[in-house]
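Per-chain numbering from 1; labels A, B and C assigned in written order.
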Amino acid sequence: MRYYFVDQDRKDTVVDLNKVETNGSISKFIFSEKTFYARRLAGKLFGSWDQQKWFKLTQLSAGETVVSNTVTYKMYRGFKPSGLFSGGAGALVTQMPGKVVKLFVKAGDTVEKGQTILILEAMKMENEIKAGVSGVVKSLLVQPGQALESGVLMAEIEE
Amino acid sequence: MLGKRVLIANRGEIAIRIAKALNELGLVSVGVWTDNEPEAAHLEYCQEWVHLSGNTNRDTYLNVPKILELIKKYKIDAVHPGYGFLSENGEFAKTLKAQGVIFIGPNPEAIAAMGDKAISKQWAQKAGVPVVPGSTGEVPTVEEAIKLCQTIGYPVLLKAVAGGGGKGMRPCYSDADVKTNFEAVQREALSSFGNAGLLVEKYVQNPHHIEVQILADKKGNVYHLFERECSIQRRHQKIIEEAPSPFIGEDTKLRKEICETAVKLAKAVGYDSAGTVEFIMGDDRKFYFLEMNTRIQVEHPITEEITGIDLLANMVKSAFNQPLDFKTQDDIKLHGHAIECRICAEDPVTMLPAPGKIAGFETTFPQGIRFDHCLYPKFTITPDFDPMVGKLIARGYDRAVAIRKVRAALDGLLLDGLKTNIPLLKVILDEESFKKGEYTTHYIAGVKPQERVAITEKPESLLVRVASVEMGQV
Amino acid sequence: MLTNSERREQLAQLNAQAELGGGVERINKQHEQGKYSARERLEKLLDPGSFMEFDKFVVHKSRAFGIEKTQYLGDGVITGIGTINGQQVALFSQDFTCWGGALGAAYAKKICKVMDFALEHRIPIIGLNDSGGARIQEGVESLAGYAEIFWRNVQASGVIPQISLILGPCAGGAVYSPAMTDFIFMVEKTSYMFVTGPDVIKTVTHEEVTKEALGGASTHNEKSGVAHFKCTDEDDCFERVRELLSYLPSSSSVKPTAVLTADAANRTNTKLKDFVPDNSRKPYDMKELVVEVVDDGHFLEVHRDFAKNILCGFASVGGVKIGIIANQPAVLAGVLDIDSSTKAARFVRFCDAFNIPVVTFVDVPGFLPGTVQEYGGIIRHGAKLLYAYCEATVPLITVITRKAYGGAYDVMASKHIRSDINLAYPTAEIAVMGAEGAVNIIFRNELAGLKGEAFDKKKKELVENYENEFANPYRAAELGYLDEIIFPEQTRARIYQCLKALEHKKVRAPERKHGNIPL
């Protein structure tokens, strides 16, 4: 069971709970490097690192926000929800027939993921073809004004 | 007085505190909830719950016509304004008086007298209360400024008349300094506040903020309940308060002097109900009147703890012209020491407000702790309201014991889900100069305790959170 | 006679033996390939300690080819129930360490038993597939076993969510079980599915192709559309399954529960104010719009890499779980074609089966022209999406952000096919066709005699007039085909309001055995 703690800068801290063993009223939580124990007593929740010294815990639910001094985390149990995906490869291939209208880079340029490489006019739309990865433009195989079929390799970006 | 209906025109922890006093005196506590706080925790202590429509403070707690409507509709006999909101609104007090509704606070004339900084200073001077020496108004030229400075004595502060928040002021230690800085401060004042007017004031060095609690009845009897020291402040807001003042310490003569001075002023303006006279005291142990707060204050609990006197109950009794719980000034005795830490929803390093939702709330306190708050698990603190969510007060046999107890209480206060200043409070309470009681209002700026706050807890604290969630899954 | 404690010893030993499956060596081999063992997968997927195993000691009773000499406790598949996010689910996990996870009679019976359990108790069923196929030694009994499973897949279809994880090979007839389930997850490098493998293909058609290229995760996610999710590794796969399940109800007889979110339901989408570009030929990323509207930006895309000109996925608005369909103007100008129609149609029908309201964002210029589409049957595939929307009885909310032309306007959840609420932005263009095409037809005579500059000028004038007249939502609004034209920043608040209003929608479908959707 993996927990994700996502802070205000969208950085993750991952905590892996490998196993839970329950022995009577005490539950044993086996993490990658440490083991923790927890139990209920008189309607409250207590935890311990050695089953000797016990301290009170707050009672939390998944999906809540927890704070560690100055850092605020959103806590996700079992999965990190999908937000804005980034998909895409270094090879830019035409998806449909079209005409190259404008090029913004040349071979050897460094590009960032999401940067517009060229404009392809197709389906009566000016489609911005964007780099799927950050890297260097290995090759630019088309020119402005060129009419292309579907499935043509327009550029290659090497990461 | 029994059975009289009192409207609490406030919310949060002070509303709870007021309700406690009203309930114990046999009055009917009428609490208010607004549209932006339908789950108002303070209602738990109120006997009657009344809806005040509106989504902002301006529309609700600060809306006099709406409150007057409520008073009429629910046949209210008296109003307790708490602190903030309408507590120092002289017009409101006057209106209530005219309508025959009791305002649980001082009379309108006293509010007016002490409400304006300039007017209150005049009253103080008339009453023979020392005020910060300085110009009575603007000082137009360098020459006049220097003449004044020579009378007052250096060091002095050149201050913008329209200034505030610590801006537009420069200390000067000699005539030459005044000559150098006069025009500079004028320019700063003009650009920051649009007004180039300057005044001159004595510069109190290593200042302490010391205030005296006043309680008076309607028969002209004015009492003091000793002093408090509130020098630990940031952005001119108090974070930690103590009673009595560690700076005054064992100097009973000084204590008597400052407390009786406060009483003198209160008597001079015909004060009744509870109030606080604020002084500034330099390391030369000379004190000067700053202003008077004509209301019950946030930090009143520490005075209650060292005197054993219920300020709220007596405030209410005074308003209803009932005899107070004690008879003479000598009945009020000082026992031990008390410290209050204000728990605020804010970043412990930047000290900026950080609203949020409480994910978990647990307390494990030592003996001698009082926690005045309006918290509950899943409570959401919104930017609408003050970031202070509670006051942690410890009473001890002496100052060291009080510090020990409040420090342990901070360890036992678990508030998860939002940033709080608890880590900062811990740093301050552990810090040497605070423990010795050697601090002034420059403490935060000088010692910079916020820089000693760890950015995060140890990584193990995340494992503990995981275990807590898992235990809840079953 | 064994004593009590000796019996306890015996049980403990048998448990341990069953849990080893095909043995430590084979488990290690799985690990070397980046695969978990069948049991490890269950531990990682389910809530800790929640798994209860059925039929741990079932063994096969076959006598063919001497296989009675080898018995595995559990016969190579682990079945049982557990919880995910607190939700009860039934599962089976095929154990590759036992005869390569090959299926025989007892094995199939175990799977059928847990499928029956899931169907009867209305909980989702999850299959972790990792098998070499049928146990040849058991002959027709293996085939019969598969068929029993297939039949149950169909009985359960639309009653309980069925999810397949392909975590290893899945070949031959075995692929048909996952094929009939609702969602298929595949893992890069370790999973593959095909009906006939590269070896047979080589001999029959002489094509040379690797297992990965023929039926790996990328192939089925991008080319064939057989798989709905592509995962980087098994851990990622389990996380996505958990995420998917968090949006689904336990069965079709209940509605999805609410999501706990701090995102205010009436939050203004200020980012969308100028989001649709002025130039109607300029594309934009519809996913950004969706992410801005939904709770906390959480949008679980289904079939992300297939038919990218349409988006399908799960999200929530104000805590209400919804399915989202949205044309994607950034890919293929957002046209509808064979793949996008089938992708969206299946998604709409899944949401309809499981009481999940569907919100549709429309920006479609029409259907993709060309012989490839026509010969490929765009007529009957496009009809699938139309059929799915018409058939749906869940709350349907439509938001037209820009283009809605021609037949595609009708298909994309228009009012006429009984979408409940139809909203449009001021930038919406609802017409039979775009200005250029329309002008060419309507004003053919006026333009016939003109040439060169005069032609261009006249055409430009006519196009502009047409656009002012028709490239807006008002003609449709005048006819009551739109319920409201909203400002884009109101999108989220409006959708939430509609979802609340439509909470108790109840529509009775006509009495019939079932319709005849074009396939």
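Convention: a contact is a pair of C-beta atoms (placed from the backbone, for glycine too) under 8 Å apart; a residue touches a chain by one contact, two chains touch by 3 or more.
All of these numbers come straight from a predicted model, not from anything done at the bench.
Interface comparison, A-B versus A-C: the pair with the greater number of contacting C-beta pairs is A-B. Think of the whole protein's Cα atoms as having one middle point; the chain whose own Cα middle lies nearest to it is A. Here the spacing of chain B and chain C, counted between their Cα centres, is 60 Å.
Chain A and chain B have CA centres that are 47 Å apart. Mean C-alpha position of chain A lies 21 Å from that of chain C. Counting partners per residue, chain C has 47-48, 262 as the residues that reach two or more other chains. Within chain A, the positions touching two or more other chains are listed as 1, 17, 20, 61-62, 65, 77.
For chain B, the set of residues that touch two or more other chains comprises 357, 470, 473. Of all residues in chain A, those touching chain C in their complex are 1-2, 17, 19-22, 61-63, 65, 77-85, 87, 95-96, 122-128. Against chain A, in their complex, chain B makes its touches with residues 347-350, 354, 356-357, 359-362, 364, 377, 412, 414-420, 423, 453-457, 459-473. Residue ranges on chain A touching chain B, taken from their complex, read 1, 3, 5, 13, 15, 17, 20, 27, 29, 31, 34, 36, 38, 40, 44-45, 47, 49, 56-62, 64-73, 75, 77.
Residues 43-44, 47-49, 84-85, 235, 238-240, 242-243, 246, 260, 262, 279, 281-283, 287-288, 291, 296-301, 304-305, 329-333, 335, 365, 368, 434, 436 of chain C touch chain A in their complex.
By the touch criterion given at the top, residues 357, 470, 473 of chain B touch chain C in their complex.
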